[in-house]
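Shown below is the structure under consideration.
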Amino acid sequence: MLLGPSLALSAVLFALGVVGVLIRRNVVVVFMCVELMLNAVNLTLVALAQLHGTSGQIMVFFVMTVAAAEAVVGLAIILAIFRHVQTVDLKQFNLLKG
Amino acid sequence: MTSFLASVGYDRWILHVLLILPLLGMPLILLSPVRAARWIALVVALLEFGLGIGLWWAFDASNPGLQFVTDLPWMEGYGVGYRVGIDGISLLMVLLSVVMMPLVVWGSWRGIDHKQRGFYTLLLAMKVGMLGVFVSMDMFLFYVFWELLLIPMYFLIGIWGSANRLYAATKFIIYTFVGSLLMLVAILWMVFQVGKATGTYSFAYTHLLDNAAVLAPWGPWLFVAFALAFAVKVPLFPFHTWLPDAHTEAPTAGSVDLAVILLKMGTYGFLRFAIPFVPAFALSKTTGLVMSGLAVIGIVYAALVAMVQPDLKRLVAYSSVSHLGFVMLGIWGSTVESVQGAILVMVSHGLSTGALFFMIGMLYERRHTRMISDFGGLARVAPLMTLAFVITAFSSIGLPGLNGFVGEFLVLIGSFGRYPILVGVATTVVVFSAAYMLWATQRVFFNRFTNPRNEGIGDLNFREIAVLTPLIAAMFWIGLYPGPLLRRTEGAAKRYIELISPHLPEATLPGPITYGAPR
Amino acid sequence: MTALTVVFGIFAIWAVVSALLCITRTNAMASALWLVSTMFALAGIYVLLQAEFIAAIQVLVYAGAVMVLFLFVIMLLNVEETPREWKRWPVWLLASGLAAVLTAELVTLRGYSPGRLAREISTMPDSMAIPAYVFPGAMGTGPDPRGVVGKIAEPLFQAYLIPFEITSVLLLAAVIGAVVLAKKRL
Amino acid sequence: MTHFVWLAILLPLLGAVANGIIAVRRPDSRRLVSFIGVGVLLGAFAVSLGVLREVAAGHGEATKLLLWQWIPVSDRLTIDLALQVDQLSAVMLMVITGVGSLIHLFSVGYMQEDPGYARYFAYLNLFVAFMLVLVLGASLPVSFIGWEGVGLCSYLLIGFWFEVDANSDAGKKAFLANRIGDFGVLIAMFMLWWHVGTLDYAALAEKAPAVLPYGGTIATTIALFLFLGCTGKSAQIPLFTWLPDAMAGPTPVSALIHAATMVTAGVFLVVRTGVIFALAPVAMEVVAITGALTAFFAATIALRQNDIKKVLAYSTVSQLGYMFLAVGTGAFAAGIFHLVTHAFFKALLFLGAGSVIHSMHHAQHHAGSHADPQDMRNMGGLRKAMPWTFILMAIATLAIAGLPPLSGFFSKDEILAAAFARGETNGLYRVAWGLGLAAALMTAYYMSRLMAMTFLGTFRGGSDVEPHLHEAPAVMTAPLAVLGILSVIGGALNLPSFVGGSHGLEHWLEPVTEPATRLMDALVMPHGSVEYALIAGAIAIAITGLVVGVRSTLRSTIPTPAEAPAETGIRRLLYGKYFIDELYQKLFVGPLVWFSRRVLWQGFDQFLVDRMAVGGTARVAQGLGWLGSRLQNGQVAFYVTLFAVGVVLILRTLVG
């Protein structure tokens, strides 16, 4: 039973993902850190699936699908914005500002 | 009449038909050419009137409970049902709605000259809401109808209103929404608590009422939540300031509907929901004193403020605040007499204020102003309108023999035992109401004819006479022979008193000694 | 300290170190590659956790497809290293603080032992009860008789059929969305 | 006939409706209007005669006539629309329909040329209908219909010529003053119902003595509230100021409403609810003193008025004071007696004044003069042009001054004697008696001054006007003559024993007043030498007043309004009616309007609620929104940070 250690690992990875999102300015890297967090969550699900049956793995499957879709759209958006501002610096991405 | 109605199964379908007809009319209006819009609305309104008026005979006055009851499942899992039914109190409100309906449509015949389809559609939507509020015996359904009403009213004011309409419409919607959201919370809380205690999670009014005892611990919160929603609608002092704006800016039809029906929803809510659900708190000495105190302050205050209004419509709006104060006082007077009086004031205020708004609308259509100072001496050029206005004005200030007096008299005499001082203060309004009404009448219809632009104003035309005549006839009828009305509400009022009487604190004065008057 | 634990430890350290490098490399390309490395480590852990199918698609889909997409984008943008890739130190401080607290919390959550979870689930009100197929009572270890793919396939194409189908719509939407967004002119 | 007494109400009501329709459809059908207007009144008078005969033949019991259930609200409160026919209502019926018919007849001539002729008769008929409801009502609420209804008609008729602002103002003022009184009546009704349990006159008379303790606070409060209503309707202190203004209406209206009938409703009400008053001796004292004071003060004001109708108006207020003095002493019959005789001679005076004004108006119209046709300073010497009017008004003047054997002498003497008698035991009534006596002197003075200024001496209104003066047409003088006869012989109704009479009216009214008088100390009327001394004194006072009035008026030169110097000192005070109107305006009306506008409306509604509370809430929401919009700086990283903080916090609660 690797439940405990797996959850701990997932916590660490998740936290690293958060740190990455917070400290990086390159939007692509930030996006990758989000993927890292998703992976951490996947790990949790798989670990718990050991305990509760395969539903957790199914969830992971779906998460991956969504992550793939998200990556596609997200990167497309980044491309679109890049064309607009010619930088990947998050600081310059302030289109959301009201 | 009764047997004929029974033979067609009237009591089984009437309430549903009343609710559905306007709903059918709405898409019809939207789909048909603009010219047909008002005609469709009129036909729907007349149908509603023709069918609805049968309630008067079909209603069994000797039965104090709910009648015409239907209980169909709707969202069963959540205890929500299509539950409708009426008792004596709802009966009068429903009748008032269906009677006013054709008048309102016909009264707007000329005043509305743009976006007619939208206007009449909204008018019908509002009718559904009004009728729905009064026939709903399911809290969820009630809430839906309650909110349903706000939207058309908002647009009626906001689109067809006069100069300052957006401010008024926004004020109206914010005021009323804040109140009703709290009511939603209260309703959910009630259903949850009653459900927890009885095991049946249901929005049915009767279910909640029968188990209202379990709500006692939350009495103050529930009451405040309900009271805020209803007090804004009544409007009870000091939540009244939206009313003058809404009334003043709304088109005639909006003002009339607002005065005749919408305000009554507040007082109806108190009578039907706020008090019966938590009677112990609602009728406690302190709450009673606060509520009736506010009512009396409103009565006198609004009359005084009405006196100094330069705008005719605003004046009548303030007079509404004053009149509705009587209803509130009557409700908290908590005697059969005062409650019946309150119901009667609801009806007669609808008639007289409705007629006043109609007439102000007629003046506005002619002169495009509502300022009292723009008029003067109209009696010379418009004697019929003067006659109608004077009769209505006197009905509004409670001249015995006209409708206003009976209700106010009953409210005051019925409440006197519980609140002698407050009733004394409220009674002073006979002076102030006469002051503002007569002063306004004088400055509009009497005095020297100063403004030459009023020369071509013309008297009432046939349509206007036809709109006003039923109202004025009803004023005389209720003033001289209110018996049939009172008999129909007596059962409901008595039942209400029986329901709340265990929670009533001792009256200040000893009750009147029963004394059989020699016949 | 079984062999299993040791192997797990190795993979865990690999994953953490890769992740650390991923978030600290200035070069975006390097970051991406370190992320791929993390994913491989995770795939290994999945195998240890008896999720062989997931491990496979982790490598195929994530490390393979998704990350390649990232690499393409990075190359497509072809940006020089941003003059100041790092944010100022207060951000670092805040980020580390948050990360520390978060880790601590997540690790504490681990205290949700299987027994405790089961207890809490059993005391839930009925209305919140989780359908039976979510927990088909499989607490057992050992190889599943349905095989590595079969144990995923069965629920996936039975209980979760509709969500599964919906993912296809999702993917389609993503494809269209990406095309719409990325193309200069349609 | 008693069972058809509702006809007496219905006929004028139908007349009002018919005339109202005519007024709208074809206002020029004067013949038809006169026919309907006067016809219905004569019909009502005929009904009244029949009723009177039957009541006289009956055994003194009241007949109650249920028309329909008016407000059947519960077992304990059911108000019937019922009429009560008894001796009191029969008397009132006769006065109202009798004097009313005469005044209607007079109006045919007086209003002939007015464009609102039909409207006028509609109002006047309506008034009679309401007045009859008032006196016939079997319970307070039913009477209240009439009570407010006559107020309405009074409002409409005072403001009949509505295009003059002052007339409309006067009408409104009258209605408002009446309404202040109505407030009292309403409160009294509420208290009666809660304490006695009925509003029915007959039941009240029966039950009240059993339920309300004699002299108790409750009875006193009820009686005082009722009396407040009476002061409003009958123009007593402090609510008398509306009556003089009410003279803005057509003169026959002043005669009918503001002299003969409506204003006496207060007296009627006190007699009707005599039991309540009898139970409250303090209230009785208040009634008597208020009456006496009103009689005195109104008389002082009348001394210096120049408008012929104003003099008569204040005289009416003063005479009403006498009636209240009477009922306040418990001499209910004397009050009603004076009410009847006053109706005769005051209606006569007003109608006489009306024909004078009519004549003046016509003459001035012909001569193109714009002088005030009501100002006595423009008159003088009219006796030559209008001999009939002069003679008849002179009779009325002697009657009101209290010269025997005219009607006024008997009724006034009765009142003063009753007050004197009460004074034996209660000093307050002695004061009231003194005030009454002084008022009698002044009455004689101002009436003879009026007669002298109007009819004697020479005409001051200009030589161009004088030739056009003429006697009124027969349709106007005939009613005057009838009233003149009644003024002379009216005293016969209640002849005192010293002239061989038997107090007819007093005995007639006994069934009505008995329940009340039974509760009070018996009134021991003075007799023998005291009685004769009182009578001699009264006659002496009347003659003195009359002689002084005529002589002082004729001796002084009377300036026309244009050249009249400003009054000074006490004269100015009297001429300005003690400036009570101005005082009320400054003390109540002005501040109330100011308070309503500045404090309640602009201060509370617009500033406090709208600006501060509602606007403030909106401002707070706006402020929060501004803060929120600051958060939306568009930096994704910032959002993520916030998001992370949120996650941490949420997890904290999960973990903790």
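Here the chain labels run A, B, C and D in written order, and each chain numbers its own residues starting at 1.
The rule is short, and it goes like this: a residue touches a chain if its C-beta (ideal position, glycine included) is under 8 Å from a C-beta of that chain, and two chains touch if they have at least 3 such contacts.
On a predicted model such as this, the values are computed, not experimentally measured, just so you know.
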Between A-C and C-D, the pair with more C-beta contacts: A-C
Chain ID, smallest distance between chain and overall C-alpha centroids: B
Distance between chain centroids, defined by C-alpha means - chain C, chain D (Å): 96
Centre-to-centre distance between chain C and chain B (centres being mean Cα positions), rounded to whole Å: 62
Whole-Å separation of chain centres (CA-atom averages), chain A against chain C: 8
Multi-chain contact sites of chain A, meaning residues that touch two or more partners: 18, 22, 25
Multi-chain contact sites of chain D, meaning residues that touch two or more partners: 637, 641, 644
For chain B, residues that touch 2 or more chains besides their own: none
Interchain contacts, given as pairs of chains that touch: A-C, A-D, B-D, C-D
Interface residues, chain B side, partner chain D - complex: 171, 175, 238, 241, 244, 301, 304-305, 307-309, 336-337, 340-341, 377, 379-380, 383-384, 387, 390, 394, 399-401, 405-406, 409-410, 412-414, 416-417, 420, 423-424, 427-428, 430-431, 434-435, 438-439, 442, 445-449, 480-483, 486-487, 490, 494, 509-515, 517-519
Interfacial residue positions of chain D with respect to chain B in the complex: 20, 23-24, 64, 66, 68-78, 80-81, 139, 141, 144-145, 147-149, 152, 155-156, 159, 162-165, 168-169, 171-172, 175-176, 179-180, 182-183, 186-187, 189-191, 193-198, 200, 202-203, 207, 211, 592-593, 595-597, 600-601, 604-605, 609-610, 614
Touching residues (chain side chain C, partner chain A) in the complex: 4-5, 8-9, 12, 15-16, 19-20, 22-23, 28, 31-32, 35, 38-39, 42, 45-46, 48-51, 53-54, 57-58, 61-62, 65-66, 69-70, 73-74, 76-77, 79, 82, 84-87, 91-92, 94-96, 98-100, 102-103, 105-107, 109-110, 114, 117, 133-139, 141, 151-152, 154-156, 160, 163, 167, 170-171, 173-175, 177-182, 184
Chain C-touching residues of chain A, taken from the complex the two chains share: 2-20, 22-26, 28-29, 31-33, 35-36, 39, 42-43, 46-47, 49-55, 57-58, 60-62, 64-73, 75-80, 82-83, 87-89
Complex contact set, residues of chain C against chain D: 87, 94, 98, 101-102, 105-106, 108-109
